[in-house]
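Chain IDs A, B, C and D follow the sequence of writing; residue 1 opens each chain.
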Amino acid sequence: MAKVITSDEVAAMVNKGDTIMVGGFLAVGSPETICDALVRRNVKDLSLICNDTGWPDRGAGKLIMNHQFKKVIASHLGTNRETGRQMSNGELEVELNPQGTLIERIRAGGNGVGGFYTPTGVGTLVAEGKEIRIINGREMLLETPLRAKFAFIKAFLGDKYGNLRYQATGRNFNPEMAFAADIVVAEVDNLVDFMDPEDVTTLGVLVDYLVRRGK
Amino acid sequence: MAKVITSDEVAAMVNKGDTIMVGGFLAVGSPETICDALVRRNVKDLSLICNDTGWPDRGAGKLIMNHQFKKVIASHLGTNRETGRQMSNGELEVELNPQGTLIERIRAGGNGVGGFYTPTGVGTLVAEGKEIRIINGREMLLETPLRAKFAFIKAFLGDKYGNLRYQATGRNFNPEMAFAADIVVAEVDNLVDFMDPEDVTTLGVLVDYLVRRGK
Amino acid sequence: MDLREKVGRRGARLFKDGMLVNLGIGMPTALADYIPEGIQLNFQTENGAIGFGPAPEEGYDNPYLTNAGGSPLTILPGGCYFDSATSFALIRGGHVDATVLGVLEVDEKGNLANYMVPGKLVPGMGGAMDLAIGAKMVVVVTEHCDKTGNPKILKRCKLPLTAKESVHWILSELALMEVTKEGLVLREIAPDTTIEEVRSKTEADLIISADGVETVKYY
Amino acid sequence: MDLREKVGRRGARLFKDGMLVNLGIGMPTALADYIPEGIQLNFQTENGAIGFGPAPEEGYDNPYLTNAGGSPLTILPGGCYFDSATSFALIRGGHVDATVLGVLEVDEKGNLANYMVPGKLVPGMGGAMDLAIGAKMVVVVTEHCDKTGNPKILKRCKLPLTAKESVHWILSELALMEVTKEGLVLREIAPDTTIEEVRSKTEADLIISADGVETVKYY
């Protein structure tokens, strides 16, 4: 059973310096209610793992505007100019990852794989400092797992067992993040007793807490 | 669009020495109609990648009984004694993989990952000849991708675009195999025009041919 | 009370409420029959389900819904299905709280052997290697001695290992033992045996800790 | 006819029936508007859909259904949704038949640069690095020169690379060029230009193959 709590109760668990994952792709499928609560709590020096930094008024972008991160690991910053500004000013450390590498590193973090070789990023800045290995005649980079203390994810539907179902492109990074954090909190638009076992995308056993959207 | 063909047309594409993947777990979710056609075609010296060798009268086990394999890569042989007999007699080469390593190697073969490190198998026969690396204080083995010329998979429902949906524990190895072969053939119980985009487990773009069960 | 019930009753008390548990085939399934009141567990079957129920009534079996041994299952409300990659993401990724495995041999270092006897029996490891290295708590359940009276709890396994130094608890019809850095600690014995009898039937050295050995009436 | 239409019309003819195609944002989307009769393509958006349709009618947008730029989409019969791990399994795994990318720079070795200008613009690579190394056919579409008239098709890229030696085709409003082992081969030019003009606006060496250069009326 996943426990239903409020977004402020979630935010109260997060402390200065924690690493958080936030689901969503340009804030589609991001847990907006939880992001709002984190802004209210105003906890600083967080590290973020997210596909992107959303928009100034949506997704993890809201925490960027509030200067809550010391480090961001993402694949894209272009929709939130404040991220680039903080980076240029030296206020924020940014580690850019190719999107496919980023999601695969999160997957590795969640499934016990210690690292993997990928051709993405060979011959680019992404390769700096990484082991290169030639596999079947092709150069590949060794990439390492990513984990966080918290994963904040968003689903269209949840049940009281913590099972989650997404809608359309709202799935994106959410399912893998549910495997890759010590504490997983899912914000849901709708909550039901239980759902069709065939419809479950994120397994309830991975979800510690549920938050209703807007609560 | 995936082309609907007969199981005999599928079998006619398979030649001596080919490597095939067969979906299913103890033949639950195995393409029985395709297996029957391969037995009829009686093509020899195949290599099999499958979770197990099924039962003497079910799944890939039917091809075992017909002596069609020169090599098997699997995690479990216990339900088909003929596999063990052929192995002991030197008629069949068997490479045992831990089940989690086997499915992850197939996934790597399908998604362009050149290899991955896993703690499974350290200190066992599985580690023989493999690179060992200590990651975060833990010994890990380097495992390599697996691919095949053909993947023969099984789904409850297919549509004319090749999209597939599975039922219950019939999913197992099928979804990853759809990524990891040059030619993917799906046997389906039911075929419809199109399905709900939310219900698609295996993406139609991965599936080359469809076979109706029993046809 | 037979061996299965003895091991089942005591073993089930190792679980805590809410755990995700994977039981191996054979004797490990006994534990599911004796879960104490107030403890709700999530059971995983590695072929792709969590939250399954008992075998279906006759005529209601679904050929697509079976356990890891191929026998028909039912699913309970709150249950879910998934593919093998997800199943082993759970297992290897440390999301399974406990696994219970049968063995051919187990030793005082926590090594276990349960997937082959060279030249005789090679069923394969299935998911056992992943479970042994991935589950947070690895429990081995076993008859204390084999059918000819030879110890199964050894100083060092002789058969090919399933996993190295992975077992946390060894449970037999006679005793509960914990694998620690110092060695194998005898924690509990059954009321119908003695420390001396357990020692005589165990090849591994058994440590008696300062806490002593409890005699428990779980049988 | 504007740049977008010129590039769109010729570029769309690079596709073959049934291909899985991923179009980058900006100019690459022009190709979707000019798919020839009889060619059916599957379009992927890397945030998790295949088989999407045009933007929805007003009032019918679903906030959960957008393209990789965040704009609302519709889905067509036969379409499907998936998560990011699956999306990049498609891309990195070689299941995407063609990708079309915009660039800041591209060179005769097939290197491309399109994700950052150090100290000025760092939007990030998003999925571009994966697409450039993973798609079976990588097409770069670009204005032949930048706004100040400087060549964008170079001997060697100066900006940080998105991918090394990955581009197969370079298409501008003036010419279609193929990256080969021997170098950059000029395959086609537009009717309103000459080989000499194309050469003068290209920093890279352009090879004229024995097959010659076709003047095509795709504009």
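The criterion applied here is as follows: a residue touches a chain if its C-beta (ideal position, glycine included) is under 8 Å from a C-beta of that chain, and two chains touch if they have at least 3 such contacts.
Small disclaimer: the values here were computed from a predicted structure and weren't measured.
Trainee: Following contacts chain by chain, what is the lowest number of steps it takes to reach chain D starting at chain C?
Mentor: When the steps are counted carefully, the minimum from chain C to chain D is 2.
Trainee: Taking each chain's centre as the mean of its Cα atoms, which chain lies farthest from chain C?
Mentor: The chain lying farthest from chain C is D.
Trainee: Could you please state the distance in Å, as a whole number, between where the Cα atoms of chain A are centred and where those of chain B are centred?
Mentor: Those two chain centres are 32 Å apart.
Trainee: Rounded to the nearest whole Å, what is the centre-to-centre distance of chain A and chain D, using the mean of the C-alpha atoms as each centre?
Mentor: That gives a centre separation of 29 Å.
Trainee: When the C-alpha atoms of chain B and chain D are each averaged to a single point, how far apart are the two points in Å?
Mentor: Centre separation, chain B to chain D: 35 Å.
Trainee: Which parts of chain B, given as residue numbers and ranges, touch two or more other chains?
Mentor: Residues 104, 107, 112-113, 118-119, 167-168, 197-198.
Trainee: On chain C, where are the residues touching two or more other chains?
Mentor: 49, 75, 81-82, 88, 92, 134
Trainee: Building nodes from the protein chains and edges from chain pairs that touch, which of line, ring, star, complete or other describes the result?
Mentor: other
Trainee: Please list each pair of chains that are touching.
Mentor: All touching pairs, sorted by chain label, are A-B, A-C, A-D, B-C, B-D.
Trainee: With touch defined as at the start, can you tell me which chain D residues reach chain B in the complex?
Mentor: My answer: residues 18, 20, 40, 42, 44, 49-51, 75, 77-82, 86, 88-95, 134.
Trainee: Show which residues of chain B lie in contact with chain C when the two form their complex.
Mentor: So the residues of chain B touching chain C come out as 25-29, 51-52, 55, 74-79, 84, 87-88, 94, 96, 98-101, 103-104, 107, 118-126, 156, 166-176, 201.
Trainee: How about chain A: which of its residues touch chain C in the complex?
Mentor: 1, 107, 110-113, 159-161, 163, 179, 193-194, 197-198, 200, 203-206
Trainee: For chain A, which residues are in contact with chain B within the complex?
Mentor: Listed in rising order, the residues of chain A that touch chain B are 104, 108, 112-119, 133, 135-136, 138, 140, 167-168, 197-198.
Trainee: In the complex formed with chain B, which residues of chain C make contact?
Mentor: 45-49, 62-66, 68-70, 73, 75, 81-85, 87-88, 91-92, 111, 119, 121-130, 133-134, 160-165
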